[in-house]
Each structure stands twice: as structure tokens, then as C-alpha cells.
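Structures incoming, each one as C-alpha cells.
Paired with chain B in one complex and with chain C in the other, chain A is shared by the two complexes that follow.
Coming up: the complex of A and B.
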């Protein structure tokens, strides 16, 4: 028996060029990087040379989970998929996509912490993993099929309990804006084309093993129960959105939407979500209904139930039944997804005949899920739709696309908000049919380059929410002022960090948020009321560092950073405190490798630093401050020209953001002039060898 | 005059009456408790001294049951509840609701504008625990503009036409309108 619990103990290597499969010892090679993105970055650093293209055979794609995947720890269903990112412009850089569902647990039960896919098959294949039996199977009969049919066919072979992660036609056609999806709706954006470039249609995995918990079982159960008690609703919103008898606070912005009279109307019998008192752990799943939150009150009548990932009681995906779409559009009347995936169809349109929360908008969402989750199209956190609207309404499509092709689209339908328009658009994107679809499927950066549109136009437009490198912002200044800005400068795609926004959006009154912020980051001034931002201070830099490290920690342990961290709670008796050490408590008990919160944060910092080193190496510059950590111009503007730091604006001040970056680099121990980590920073985290390599290339600060 | 034992028994019954009402998510008034006690024949029929005795019994019940609370509306009318079932926030809302819809709306709006700070969706007053009708809300919106004591309650309309209310005591217009836009549109576009 391995010394450690938590980890399965093996990393599976699959060379599609040779057909050879092998395993490595996880602990020996990757323990210092935990799992998930940690393993992903390590493999890319060690094995994928700078200058490699995203669709080159030399690129690798790593499906990795962490020591908490497949355990009883809440919210452990995340699989990190790391590779060189095809939509990262003007060159591919390392990034990761994250899918929930059941894949992570099945992979652990099969005995693996990660799958490293390398090379390229000479024909379409799929990877079958049933415990220790690994086979590369012919996928020619699946090629050309959508994700749903592929999933069904592989499940028929492996059994219904197997988890299937598949690409659709978009991935097959090397569409950069494509996804891989497991369990029908759990997607990881951006990586479908990389799988397609390797002729890998799907991975089906079935495991019959278990994950060993190394620590005291009673203590483990106690920590699990404590963790469950701290959970709020989706995104760790800890107060309900309407007054409840038990609730001291309520907040209209909260995703805790359960209330008496709000019913899952398409369930049979239908279910009243009722009073979800926070100590009733059996009703956690009733708290969230993201269809109702995003689509409006009408969505309650169409709700069947929530759906979600292994060991997560939140159920952030909502299953809907909308009978009208079967009759009107000939598609399935059921669909499921969450957040950006759920509203994918609606977001293409500027208006609908019955408004943005009416029946037509819901039907657009249903068609969007039906098409995109089968074809495997990625929306890049809404950037695809924002680009589409801007390009159409600014007349750019009309100029860049030949008239015959332009007229082949029913623009009258589009302008009127007819969801049927999506049947014309989305399949063409997946199949790269015509100039319009071909440009859109590239992703924003490469689209702008193809059509000679200066990126500056996108950087200045506040409606496009574009940030840099071909990607949008993801919880930036609108959520957390300077802290959000710092976080959005750090990655090579949208930041996908929720550590900060899950705190600022938790629904608690600002005075309580400030009390908790004092305990966490040293001062109430770390957080501001939304749209009433104060100038930069060092506590905001500390919050930014904490947020980034928690994101990497979650992505490496397989905890969900969309739900955590859990530093606030719905519990009045705890004065709404959560537990800042929950990750280290779970990690220590699961693995038997006792680490304090501070020690585990250091591991997270090592992982984050390796991401930074990879970015420096592949960009070939150490001047990260001006070449990478950039902030778009729209952040420094306001539609009413209100000054920064006024109430009612999210406008930031340029000098203040320079100060923010100074403070952040200082907190990280990096060089302030270049924004590059110093040798000391690498050495402190056990990455002296990385510093040596960068030093030889003149890339060390 | 009741014996000490009788006082204790009646006080326990009062606590039970208050708790039961709170478990149903409601406040209870002084007169309602009195009526229930009389129904159970724990108080004599109305006489001059009965009310005084009753006040003492209520005091006794509150003193002996730490979860019980008294809350008074603007007119000074006392309501009672158990903090084991209702929070102070919820009790406040029920107390405002017992006053009149204008006062309810104004107080909820002031509380949200100060505490979070956030404006309040006008349509949310149709839902529990407010449960105002569309007509009542429309009437209130008119009243808010006309009556002097509500001049701090202002409106803002989002880009998709949704009406929110805020208090100028705690939010200025630009801030309130941006926050309303954030609640109604921004959060949906920034999931």
C-alpha cells in the first residue's frame, strides 16, 4: 500500500503516434505539484518545447485531477485540462480548461491521477480505460458524430457508469473555439481542437476502485461535515435572495434562490424549494436554480431539477424541460447547463420580441445548448457572442464577407430575435463553412488579425469586455476593483478565478464583508462596496495573491473554484465566518501528508510560479509587466465620464493600477520593473532548476 | 390574584403561543395572546385588573424565555416573536408590513440601501413575505412621490426597463442606477 492516501498513484501516458501506453509513479514525479494544473504545467514545462503550436503533434494535452477527486470532500468533481492554448493570440501559451461532471472521480477509481496524451493517431481513435485495461480504439464510426451520440455509443460499450469526455464536429475540424464535454453538459473550453488535432475523439473511463483516506476516519468525517455546513449556494453565495424567517440577511444578487412557492415546475410531482434553512444539509441542492437566476422567473415552471458533479450538493447545472422547442424547432425538449453555457444561445441576440427574460430568450438558450453542446462549440465566456453582435451591428460582416455568403444568412430573423437563426450559424462555425464562420471559430485575436481589425478597437470598447491575448475579462474591476484587475492580468486566457468574486458577491452586508476581510487579509480596506471603489492599498494586493493561489490550489486538488473558497458561510453562530484552512485540513487527512494552510499555499504558489515561468519561456521575454500583464483601456473609462473612485463607477485610475501592480509584484516577491519572478522567488518555492533554465535564456529578472 | 404556580403556567403558555406563531413565520400581537389565553380559560373575563395582570405575565414570559422578543411598530403597538424561528430582520419586515404598504416599502428600501448597499427591485414586493398586489405597489409608487416622509425614496429604471427603488439617504443616483443595472443586467452578462 502506498504511503499516501488521496492519490491513485499512477499517471497514464498515451502516445497516440506509437499506440504505446505506460504509467508513471505520481508521487515520485508529481507530488510537489499535487495534481490537476500542477501536473499539467509540469508536463508542459518538461516536455513541450517553446514555439510549439497548439495543433502540432509535439503539443501535449493533460487531463489531470488531484488527491481530493473521488473522495467524499464536497465539490471535488473538477478535471483540469492543460495544454498550449489554441485561441491564445498572437501565439499559443499554456492554459487550462476545467470540466466538472463525473470524469474526475471515474479516473481516480480506475487508478489514475492524470492522463498525458501525446503524439497523433494516424486515424480517428478513442481511448478506453477500464481500470488497468487501457485500449486505443478505432473511432472512425464515431468521427463526424456529435457529442451526445458519441457519449451514448461509448457508454453502451463501457456501461452506463462510465464517464465519457468527447469532442464534437468542431473539435474534429480543428476549430480553436471548441470544447470537450463529459456527462453531456460539463465542458472544458478551448481544448476540443487539440484533441481533434491528435485524432482523439473521446476518452471513456470506468473505474471500480476507490480512493484511500490515509488519516483518521472519524476526523475525516468531521471535517467533511464541517465543510458541508459552510456551503452556501452556487458561487458560495451565503444568504438567500429574498427574506426568509431564519435569515438575518438577504440580497437580491444572491444565487440562493430557493423560497416557499418557488417550485421545480417540470418535476413530477413538482417540488417546492421552500425554506432552505442552512443547517438542513439535506436541502442544499434546493438552494440553487441557475436557470431561474439567469433566465428569469419563467424558468421555474420548466425546471426538472438541479444537476452537477461528483460529491457536490450545490447542483449548479439546471435541467430544463421546455416542450415548446420540440414542436417549434424539432429539438429535444430537455436541456441542461449552467452560467455561460446555459445562456450561450441567448447571448447572440441584441433583443427578443418578448424581452431578455421572456419565452423566446429561453427557447434561444435551449437551442444554444442543443447545438453547441453537441457540436462542441466554445463561447469563450461570452466573447464569441459579443464579437458577433459588434461585427454585425457595426457592419463589419458586410465588408469582410462576400455578398453571396452574407445574404445566405437570415439577418432579418437575427434582428428580430428569432432563435431559429442559431441553426444557420452554429453548425457553420463547427464545420468552418464560409468566411464568416471561419473567422469566428478562430477566437477573437486571430479573427481580428485575419480581418485587419486593430486590437486597440476591442481594447477600448467597454461593451466587448475584451481583456487581452484573444480573451475577455472574467470577474475583474466590476467585481473587486483593483484586486479583480490584477487577477485578470495573470493568465493566458480569461482568468477563471472566483476566489475574489465569490467573496465580494457572497451577499453579506458590506460591514460584515469588511470584518471578514480584516481577519483574512489584514484590513477592512481590502474590500469595497460594489461600485464604490477606494484607491489601492496593500491589503487588496494580499487579497489578489490569496485569490490566485487558492485558484491554483483548487485546480490542483480538484476542488471547485467556482464554488469555493469557503471563507464566508451562511452560519450566524460563526458570525458568517467560513474556514480558511478547509483545503489543508482535507488534503492532510486524505493524503496523510500533513500540511498547514500556509504550507499548502506555498505549494499552490509553486504551481502558479511554474505557470508564470512557462509564459515567460514561451513568450521569450521577461518583461511581463508591459508585454503580458496588461489592462485594456476600457477599464480606465466611464460611460458618463465619472471619475475613478466615485460612487457608481467601475472606472479605474491608471496611476492607481500601476501602484496596484507594484504592490502585487512585491507581495509575490517578484521584480517590480519587469513583473518577472526573481531567482529568490523561484528558489524559495523549490524551482531553482526552472530559474537556471530561464537564466540561460536571459529570461530571469 | 393568581398564585405563583398559576403565573408560571400561564407564562409558559404565553411562550408557547408566541413560539407557535413564529414557527408559522408570523408575529403575534398583544391582543391575540390575550384572546388565546382567555379562550384557554387561563385569564379571567375582562375586568379592570386583568390587563395589568396580563402585562405582568407577558413581562414574566419574556424574562423567563430568552428567545422571546418584543418589537414595537411606529404606533407603539407591541408584537412578539421567538428569535429561534424568526430573525430580527424578518420580524422588522413583518412589523413594517403590519403598519401600511408605504411604510413597508420605504423601510425595506432604506434598509437595503444602507446595509448592502443595494437598490430594491419593485416587483420583489409582490413576493413573500411582502405579498403586495400589483395595484397596491402602483398605488404606493404614487404615494411615495406625494408624501413628505417618503421623499428620500427614489426610482431608477434599468436599460431593460426594470424599476428599482433606493433611498437617497444612503445612495446617490449614479450609484443606485449602476447597482440596479448590475443586478438586472450586469450579473447576467458576467456569470
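Coming up: the complex of A and C.
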């Protein structure tokens, strides 16, 4: 028996150029990086040289999960996919996409913690993994097919239980704005084209093994139940969105939408979500209905059930049945997704005849899911649609695209909010048909460059929510003031960090949040009421550091950072406290490698620092502060010209954000002038060799 | 019939069943005839000492499921194996959801008319029926390793007797027997001695632990059973019913 539980113990290497497959020992080689993005960054750092293009054969793509994937730890269903990012502008830099579904667990049961894909196949292939049997199979039959058909055909070979992660036509055609999808609706953005560039159509996995829990099973059961008791609804919203007899508080913005009378109307017979009192762990799955949250009350009647990842009781992918779309548009009447994937179709339109939450908007969502999740198109967290609206309504399409092509689109349909317009647009994006679609599929940065539009216009436009490097904000100042700003400066795509917003938006009154913040980050001033932000202080910098490290920790352990951390809870008797050590409790028991919260956060910091080092190396500059960690101008403006720090504005102040970055770099132990980690910072985390390499290139602060 | 001719007859019948009903590989056939031989050794033991075990007691409890409520998270499978076996192992879970998750019990050939995430959305949970007499898994066991365990009277695998022949897997029409390749033993639902972990773990309240009811005849079979009941066990029917 292996020394550690949790890990499967092997990393699978697949060289598509030679057709050779091999395995490495996870513990020997990657234990210091846990798994997930940790393994991903490590492989890219060691093996992919600076200057490599996203679609170059030398780029690698790493599907990696962590020691908690496949266990009963709640919210462990995510696979981190790390590679050089094709939509990162003006040059590809390291980033990761994250898909939920059943892939992560199945990979573990098959006996692997990660798959490193190298090289390029000379013809379309798919990777078949059935426990220890790994084969590279001919995919010429599958090439040109959508994700759905590809999945079904692979399931016919591997059996119903296999999990298939496939790309659609978009990925095949090297569309940078493309996804890989498993389990019907669980996508990871940005990586479809990288798989396509390697002629890799899909990975099918079937695992019949197990993940051993190293610790005492009764203790494990206790910790699991404790963790479950701390869960809220999706995004760890810990109060309901309507008054409930059991609830001291409610918050209209909460994703805890269950209530008596709100029914899964398309379940047969339908199901009343009813009272979901927090202590009733047998009703957690009813708390969340993201269709109702995003699409409005009407979505309840169409809800079949909640769906989601293996082992997650929070079912954030809502499954819908909308019979009208079958008759009207000839598509299947069921669909499912969450958040940006769910509203993909709707978000292209400025208006609908019956409003943003009417029937037409829902139908647009159904068509969007039907097309995009089959063709494999990525929406870049809504930037694709925001760009589309701006480019159309500002007349730029008409200007940049030849008249004949421009007129081939039914713009009258588009303006009227007719969802059928999506049938004209989305397939063309996936197939790069015409100038308009070809520009859109590049991603924002490369689109602007292609059409000679200054990035500055996007940086100033408050409606576009564009941040930098071709990517938008993701929970920035609108959710957490300066802390959100700092977080959004750190990555090479949208930040995908929820540690901070899952706290500030948890629905608890601000005085309770401030009490919890004092315990967590040392002062009530770490958090402000949303849209009533106070000037920067060091506690906000601490919260930012904590948030970033927990994100990396989750992405490496396979815990969902869209749900965690769990530092607030719905439990009144705990005074709404969560548990800041839950990750370390789960990790220690599952693996048998006892690590305290602080020790585990240090591992997370090592992983985060390696991401930073990679960015510095590949950008070829240590001046991160001015060249990378930038903040768009719209953050410092307000549509009504309200001053920063007033009530009702998310406006930030330039000098205050300078101070925020100073304080953040100081918290991290980095050089304030350049925003680069110092040799001491690297060495403290066991990355002395990384510092040596950067030093030789003059890239050390 | 002499004991020798009884053995030959049994082997012949086994071959007929295998040849007619099941596309077993040669290897599986040999494994199976091997296990029949072991069963016959046990038959000798029965003949010499004690009568074969025939379970007549009803179970006291049963886990039942509401498929319309299942959200497909598989926490039941994980609670079953982590809290009982110390490992996350859906392959040996005694409640089976994963196999119906994507395409439903009919598999992917049912297409959109089928169930599961790719079909209607309905996820069917498969559960042990804690069968009344005759108990297929127990009757097929050549070692009487499936026994009744109070207080629930669940039919459970006595792992000290189980030799891992997998005959029970071929006997259960609902494919509810699992084989743990770490221990080389069969395993099945034992109702967690009256406090089923799966029921406790379901975040959608889709599972219930109830006083035993007979659901055997109401549940569609997944496979045609191909296990053999040893003549000594079958003989007990004659003894019982022809009295």
C-alpha cells in the first residue's frame, strides 16, 4: 500500500508526436505542488520554454486534479487544465481553465492524478484511458463532429460510465475562444484550440479503482459532516434570498433561492424546494437553482433538477426542460449549465421583446447552450458578448466587415431580440467563417489588434468590464473594493478567484462580516459594505493575499473555489463562523500527510509564486507592477461622477490603489517597486532554483 | 443418483447454461467451472455434515429511492465506501448511481428517450432489495458466505467464508453484488447495521430507510442470472414443498 492516501500516485504522460505513453510517480515528483494547477505550473516551468506559442507543438497541456478529487470531500469535482493561454494578449502566458463534472473523479479511479499532453499527433486522435490501459486512438471519424456526438461515440466504446472531455469544431479549427467539455455541460475555457493544435479530439476515461483515505474513517466521516454543515448555497451564500421562518437574515442577492412554493416544475411529479433549514443536510441540493437566479422566476417551471459535479451537494448546473424550443427552433428541449455558460445566448442581445427575464431570454439561453456547448465556443466570462454588442452598436462591424458579409447577418432579428439570430452567428465563430466571426473568435486583445482599435478605448469603457491582457474582470472592485482590484491584477486571464467575493457577497449583515473579518484578517476594516468602500488598509492586503492563496490551494487540492473557502457558515449557533482550517483537515486526513493551515497555505504560496515566476519569465521583464499588474481606467471613474469612497459607487481612487499595491507586495514579501518576488521570497518557499534561473536572466527583483 | 453422477450432471447443466445464454470467454468459462468444482467440494461438505444454508428469515429494513429527487452527486456511493471501507470506491458501492448517471439504466442506446443526464434527466438509483426467500445471491454462493445478520436481518457477505468466486454477481438480477479487488471478496449492502450511510448522505432526501417490503417482483431486472444453484440447496425445495 502506498504511503499516502488521497493521491492516485501516478501522472500519465502522453507524447502525441511519438505515440508513447508513460507514467511518473506523483509523490516523488509533484508532492510539493499538491496537484491541479500546482502540477500544471511545475510542468510548464520545467518543460515549456519561454517564447513558446499556445498552438506550438512545444506547448503542453496538463489536465490535473488533486488529492481530494474523487473523495467524499464536498465540492471536489474540478479538473484544472493548465497551458500557455491562447487568448492572452499580446503574447500567450500561463493560465488555467477549470471544468467540473465527473472527469476529475473518474481520472482518480482510473489511477491518475494528472495527464500531461505533449507534442502533436500527425492525424486526429483521442486518448482512451481504462484504468491502466492507455491507448491513443484514431479520431478521424470524430473530427468535424460536435462535442455531444463525440462524447456519445466514445461512450459507446468505453461504456456508459466513462467520462469524456471533448472539443467541438471550434477547438478543431484552432479557435482561441474555445472550450473542452465533459459531462454534458462542464467546460474549461480557452483550451479547446490548444487540444485542436495537437490533433487531440477528446480524452475518454473509465476508472474502476478507488481513492484511499489514509486517516481514521470515523474521523473522516466527522470532518465531512462538519464541512457539509458549513455549506451555504452556490458561491457559499449563507443566508436565503427570501424571509424564512428559521432564518435570522435574508438577502435578495443570495443564490440560496429555495422556498416553499418554489418548485422544480419540470420534475415529474414536480418537487417543492420548501424549507431548507441549514441543519437539514438532506436538503442541501435544493438550496441552489441557478436558472432561477439568473433567468428569473419563470425558470422554476422549467427546472427538472439540479445537476453538478461528482460529490458536490451544491447543484449549480440546473437542468431545464423548455418544450417550446423543440417546436420553435428544432433543438432538444432539455439543456443545462450555470452562470456565464447558462446565459451565453442571452448575453449577445441588448434587449428582448419581453424583457431580460422573459420567455424569449430563456429561449436564447437554451439555444446558446445547445450550440456553444456542442461547437465548443468559449464566451470569455461574457467578454465575447459585451464586445459583440459594443462592436455592433458602435457601428464597428459595419465598418470593418465587407458589406456583402455584413448583410448576410439578419441584424433586424438581432436588434429585435430574436434568439434565432444565434444560429447565424455561433456556427460561424466555430468555423471562422468570414471576417466578423474570425475576429470575434480571436479573443478581445487580438480582435482589437486586428481591427486597429486602441485597447485604451476598452480600458476606459465602464460597460465592457474589460481588465487587461485580452480578458475581463472577475469579481473585482464591484464585490470587494481594493481587495478585488488587487486580485484582478494577478493573473493572465480573468482572475477566477472567488475567495473574497464568496465572503463579501455571502449575504450576512456587514457587522457580522466585520466580526468574522477581525478573526480572519485582524481587523473589521478588512471588509467594507459593498458600494460603500473605505480607503485602503493593510488588512485588505492581507485578505487579498489569503484569497489568492486559497484559490491556488483549491485549484491544486481539487476543491471548488467557486464554493470555497468556508470561513462563514449559515449556522447561528456558531455565530455564522465557518472553518478556516477545513482544507487542512481534509488534506491531512485524506493523504495522511499532516499539515496545518499555515503549512498548507505555504504550499499554496509556492504554487502561486511559480505562476508569478512563469509570467515574469515569459514576459521577459521583472517590472510586473507597470507591465502586468495593471488596472483599467474605468475602475477610477463613475458614470454619475460620484467620488470614490462614497455610498453607491464602486469607483476607486488612483493613489489609493497605488497604496493598495504597495501594501499587497509588502504582504507577499515582494519588491514594491517592480512587484516582483525577491530571492528571499522564492527561497522561503523552497523555490531557490527558480530564483537562480530568473537571476541569470536579470529577472529577479 | 450417486454423488459422482450428480457432479457430472451439474457440470453438464452449467455448460448448457453458459453455452446457451451467455457469451462467456473461454477464460471465464474455466474460472466458472473451477468455481463450480469448488462448490461441489462444498457440496461434499454439506452432504457429510450440515445442511446447506437456506435463508428463510425476512429482512427487517430496506433502503428505497425516489429517482425524481436524485441529483446525481453520488455522495451515497462515496459515503457507503468511505465510511465503511475507508476508501472512495464507487465500483464497490452497495448503492449504484454512477452506472445510470449519463444515459440511464437502458444505456446510451436509448438516446434521448432514455434517462440520465443525457436523456430525460432522471437518475435511477439501484439498491439491494434484501430479497425474501429464495435469496438469489445467497443461494448461488457455494460457500454459504451470504448470511443473515441481525438486527436488520440484512443479507451480508461473511468475508471469512467468501472465496471471491463471483457466483453471487452472476446470480443477482439487479447486479447489486460488488467485488472488491483490494480484498478479493464480494461485498453487498448490509444496511450499515441499521443506520445506512447512503440515506444519511443524500443531499436531496431521495433515499429512505424503511421497514422491509417486498420490491423484488416490482423491479425491472438488469441481467438474466446465470449462476447455478447447487443441487443440495435445490433439494431442500423438494424436501420443503413435497412434505
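As a working rule, the second predicted complex is superposed on the first by the 701 of 701 C-alpha atoms of A that agree within 3 Å, B and C clash if a C-alpha of one lies under 4 Å from a C-alpha of the other, contacts with A are read in each partner's own complex, and residues count from 1 in each chain.
Note that a contact is a pair of C-beta atoms (placed from the backbone, for glycine too) under 8 Å apart; a residue touches a chain by one contact, two chains touch by 3 or more.
The structure presented is a predicted model; accordingly, all values stated were derived computationally and were not measured.
S.K.: In the superposed arrangement, which partner chain does A:305 touch: chain B (first), chain C (second), both, or neither?
M.R.: second
S.K.: Is A:648 contacted by the first partner chain B, the second partner chain C, both or neither?
M.R.: The answer is first: A:648 touches chain B but not chain C.
S.K.: Tell me which touches more residues of chain A here: chain C or chain B.
M.R.: Tallying touched residues of chain A, the top partner is C.
S.K.: Is A:470 touching anything from chain B or chain C once the two structures are fitted on A? First, second, both or neither.
M.R.: In the superposed model, A:470 contacts neither chain B nor chain C.
S.K.: Return first, second, both or neither, reflecting whether A:217 touches chain B, chain C, both chains, or no partner chain.
M.R.: A:217 sits against chain C, while chain B stays out of touch.
S.K.: If we count contacts the way the header does, which residues on chain A are in touch with chain C in the complex?
M.R.: 70-72, 102, 105, 108-109, 152, 155-156, 160-161, 183-184, 208-213, 217-218, 220-221, 224, 228, 267-269, 271, 281-286, 304-313, 315, 319, 321, 332, 334, 336
S.K.: Give the list of chain B residues in touch with chain A in this complex.
M.R.: 22, 25, 85-90, 93, 112, 115-118, 120-121, 124, 127-129, 160-161, 171-179, 182-183, 185-191
S.K.: Which of the residues in chain A end up touching chain B in this complex?
M.R.: 242-253, 259-261, 294, 339-340, 343, 347, 355-356, 382, 465, 475, 478-479, 509-511, 529-532, 640, 642, 646-650
S.K.: Considering only the defined contacts, which chain C positions touch chain A in the complex?
M.R.: 68-75, 78-79, 81-92, 98-103, 107-108, 112, 116-118, 120-121, 181-182, 200-205
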